[in-house]
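Order of writing sets the labels: A, B, C, D and E. Residues in every chain begin at 1.
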Amino acid sequence: MASFSKTAGRWFHQLGSPKWFYQKSVKWLPWLWISCLALFAFGLYYSLWASPVDYQQGNSVRIMYIHVPTAVLSMVAYLAMAVCAVIGMVWKMKMSFMAMRALAPIGAAFTLICLFTGSLWGIPTWGTWWEWDARMTSELVLLFLYLGFIALHSSFSDRTKADNAAAILAIVGAINIPIIYGSVKWWNTLHQAYSVTKKGAIDPQMQTPLFIMIAAFYVLFIILVIIRLRLEIMNREAKAKWLQQEVGLGQESNAGANG
Amino acid sequence: MFLTLLKRELMLARRNWVAVLIPLFFFVIVVSLFPFAVSPEAEFLQQIAAGVVWVAALLAVLLSLDLFYRGDFQDGSLEQLLIMASPIQVALSKVTAHWLVTGLPLVLISPLLAGLMHLNYAPNGAVEMNHTPIMMLSLLLGTPTMCLLGAIGMSLSLAASRNGMLVAVMILPLYVPILIFGSSVITASLANSGYNAQIAILAAILLFALVLTPYTTGKALKVAVS
Amino acid sequence: MSSKQSEPSSYNLEVKGLTISRNEQPLLEDTDLSFNAGSITHLFGENGAGKTSLMRALAGLLPLDSGQILWNQIKNTHPESNFNQDLLFLAHNLAMKHELSIAENLQFYSILRGRKSSLEELSKVAAELQIENLLERHFSDLSAGQQHKVALCRLVLETVKLWVLDEPFVNLDAKTRDWLSAKMMHFAKEGGVVIFTSHQAIEGLKIHQRISLSHSEEEAA
Amino acid sequence: MFLTLLKRELMLARRNWVAVLIPLFFFVIVVSLFPFAVSPEAEFLQQIAAGVVWVAALLAVLLSLDLFYRGDFQDGSLEQLLIMASPIQVALSKVTAHWLVTGLPLVLISPLLAGLMHLNYAPNGAVEMNHTPIMMLSLLLGTPTMCLLGAIGMSLSLAASRNGMLVAVMILPLYVPILIFGSSVITASLANSGYNAQIAILAAILLFALVLTPYTTGKALKVAVS
Amino acid sequence: MSSKQSEPSSYNLEVKGLTISRNEQPLLEDTDLSFNAGSITHLFGENGAGKTSLMRALAGLLPLDSGQILWNQIKNTHPESNFNQDLLFLAHNLAMKHELSIAENLQFYSILRGRKSSLEELSKVAAELQIENLLERHFSDLSAGQQHKVALCRLVLETVKLWVLDEPFVNLDAKTRDWLSAKMMHFAKEGGVVIFTSHQAIEGLKIHQRISLSHSEEEAA
């Protein structure tokens, strides 16, 4: 901690306090929601109406605007989880473990959506909903990693133990992801026997809406994480005095914000 | 200290020698199922041999994990060991014993399975090639990694649940790279192409695991008894 | 919380500013304790007060939230403190293998201490505890008290300096309880440190320090 | 009483949704190891699908046995059950719960695996056949037998406290016929040949096991706690 | 060996000509015992004397070499005796699932008795034993005494006529020991039969019959 600059140190410290986060995050949420909705409105319009139909794939190409962002986020979430695990283990920071726990189901959900949209996309493009393609396969393995993490964490009743054990798993998993990805890719290029319509460069007219959609999903992801983290805090700090006060106060301030 | 611990593990395994045999049995049964279940044709069997032997080995290792960890955890021996020795020593002794008792016999028995799966089959007239040593080498490099990774998973799940499938769910995804490179060593040998790269990668993964996992397993064991 | 004894002594276990918790609830907060050579300490308190947790923390099994544990002025996790070699911790779980014989079980632990105990030594202590006929029996085929006796043999067979005994008197008949009290007092007289818990009063056992734990608050006794 | 016992077993095995899903994850993960090990090509996968799905099912049953029998034995629950109910009831409830919790979900999820393993793959031009229902039928008939036989093995091994696992090893070979007939049902369907004989045999084995094993299991459980 | 009480009573456990053995060595030979409604019987004896074995024989778990056990004049193995429904046997092994919560564990057993106990009943007895906050905790995450308390809850939640309790006072703090003594006396007063073992003397518990077992020879007390 000493090596941190003063402001960074303070930030770190504050983020480590459930109370601080719980109180501040209420104020962030409305802004995040606004930007998220705006990005989605813009992105969806752009991608569903204003972008061209793919000459090969027709309208099914529009699945891409969900598929690709969820694919990106599924991996970002795992990385974030592993980072939280390291911070939690090294600095014994409870808050970091809570974030780790909050990230897991969200990451798993994005992975599932990516797999699902990918499969859906596969039916018109490849004529089958599943191919043992490198990216798809490693996404599947990623899903298994998430499920393993969740299964492990929820098999404990003692939170301290659950956090520590699951953190170790998250870190081990994170070290393995590049290895898994590399191996799957290598394996796949070895068996190139079957036909996948290989893709060319992306049309810039598709690229811009794609970027917007990625941004929109990013913000959505952050919102979901904050909401889950708040739930996690409520769960774990249920006995803390500040939270009991906060729940009373929180309703008032919410009512004020909405009205 | 390591040797004392190792001796203890081996003695316990000898006591439970039948339990130790189960994974081996399982290995043989799973592999020999395929000629019945799939097709007894030598050419076909030869093609799937690599994969089948590897997956069976992997499952056998998985099955045997429980024996080496759960008992010690339940009766409190594990915490005594962790008091008297460092977690890394405990982890290493367990992994070593596990490999000596499960992994090594798998490697040694694999030629039998190579025969069953017609690994060395050559279409009539062709000169017969012997792929068995390559297969053994790949298993020799792969099984220790499986034991090392399995140890992490097992130690993590000890305090959580008695469900043997929890370990599998956590650890099997991590086995994917070993499985891919391991079986492709054999496939490459069958195709008469080079397999040095895969062997090197398997060895690298093993080294990597050897360096990193004992510490992690030790940590996980500490969490389990806390 | 502790009644400090200031006499200088050869072995000394000191706990400084210890905080431990379970399930994110603190059991002990910022507690100082000291256990000196030649003393027998009785930890007591209601069920769930944290006696076992404290002992596990002393043994290095339960991670500390803060504070430190010093064995002869050196941190117990430091290899130079030799703490692990000096400590014998008997837990509720007897840590014996059901599929091994008594003799094998006991020998394994003495080997871990660096010196395999001979069969004579084994039979001698087993005879004191009336289990000499059972040495070849599987551990699982013993009565509860006999199993406990086997675990107690370790106190004699292993040479250490600190005994941390969690409920050592449980399941024992009167004769064995007396045997154990005598052993504890003898060990303390020879300069050992004894820490134990018990919910029953033990007649004839001279206790030097009593530490009471209680839910979320601790008080000296 | 049987229903009460059954309810207990079900509650025990299925205490939260994660625990419900673990055998399913396990099944899916084990099956998806094979494409990595063998080859991802649809034609290939289709041919080994039967064996793979059956081996994975067997493994799932085997790994979950411990949870249902050894756990209850070790913590003393088994003797409590045997005090409160007759041994046959206890045995039957355990087997039923075990099947409902492990066997049945496997059957239900197997179509997904049929997809992953390209079971219904047809080379271009050919009319696509649907082999999935046959596969499900074979598993539906095979998994209960595995549970019943596993129960004997496990309870005998609890009873024979010394080298208990020996009995378990003896049970494992008994699985072989089920595996062979079960997977050959699917193979026959793939080959467009008749599979009624195998189905009939599977059903006969199941009936046979259903009649004979609960009594034996009950006896063995009684011996185990004495 | 037993002090016969000849008053007629509603429930009655009688043992006739009982011989049991372990490891081919007889523990009890041709012994007659009787336990009447309203009585509390204390089985005592050294470690390994055969107390647990006798209890397991009474519970129908250990096969008898000879003799019979009659519950209300009917053989205990006969379904009409209703023995299994009337008996509650608490062993050294607490028979609780470590990976389940306390509430779940207790509910299993009450369901097996034919009536699922409501959450209120559960909380009530848990409150008496100071474990009401732990109902959702996994059994494995409790202290030794708390685990024991959970097992004791069964005495309240299940309606039976015969308690066979093996070392029920072990690991309990003084308050809980008193609670248990009171429960035992109350149960006996309502006509129940209590048989228990203990190596410690329990103050305040009124015992009607003491049976001493000893290695290979038994004597009345």
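Note that contacts are C-beta pairs under 8 Å (C-beta built on N, C-alpha and C of every residue); 3 or more make two chains touch, one makes a residue touch a chain.
Nothing here was measured: the structure is a model prediction, and the numbers come from that model.
Shared contact partners of subunit B and subunit E, listed by label, are A, C, D.
A count of contacting C-beta pairs for A-B and for D-E identifies A-B as the more extensively joined pair. Rounded to a whole number, the gap between the C-alpha centres of subunit A and subunit D is 36 angstrom. Per-chain CA centroids place subunit C at a distance of 30 Å from subunit E.
Averaged Cα coordinates give subunit B a centre that lies 23 Å from the centre of subunit D.
Put simply, the C-alpha centre of subunit A and that of subunit C have 48 angstrom between them. The multi-chain contact residues of subunit D, meaning those touching 2 or more other chains, are 19, 22, 25, 29, 36, 39, 71. Of all residues in subunit C, those touching 2 or more other chains are 22-23, 92, 99, listed in ascending order. Within subunit A, the positions touching two or more other chains are listed as 144, 147-148, 151, 155-156, 158, 160, 184, 187.
Residue ranges on subunit E touching subunit C, taken from their complex, read 22-23, 45-48, 52-53, 92, 130-131, 137, 141-146, 148-149, 167, 170-177, 199-200.
Remark: subunit A residues 141, 144-145, 147-149, 151-152, 155-156, 160-162, 164-166, 168-169, 171-173, 175-176, 179-180, 182-184, 186-187, 190 touch subunit B in the complex.
Residue ranges of subunit B in contact with subunit C, taken from their complex: 1, 4-5, 7-8, 11-12, 15-16, 71, 75-77, 79-85, 222, 225-226. Contact residues on subunit C toward subunit B in their complex (touch as defined above): 56, 59-63, 84-85, 87, 89, 91-100, 104, 108-109, 111-113. Contact residues on subunit D toward subunit A in their complex (touch as defined above): 16, 18-19, 21-22, 25, 29, 32, 35-36, 39-42, 115-116, 118.
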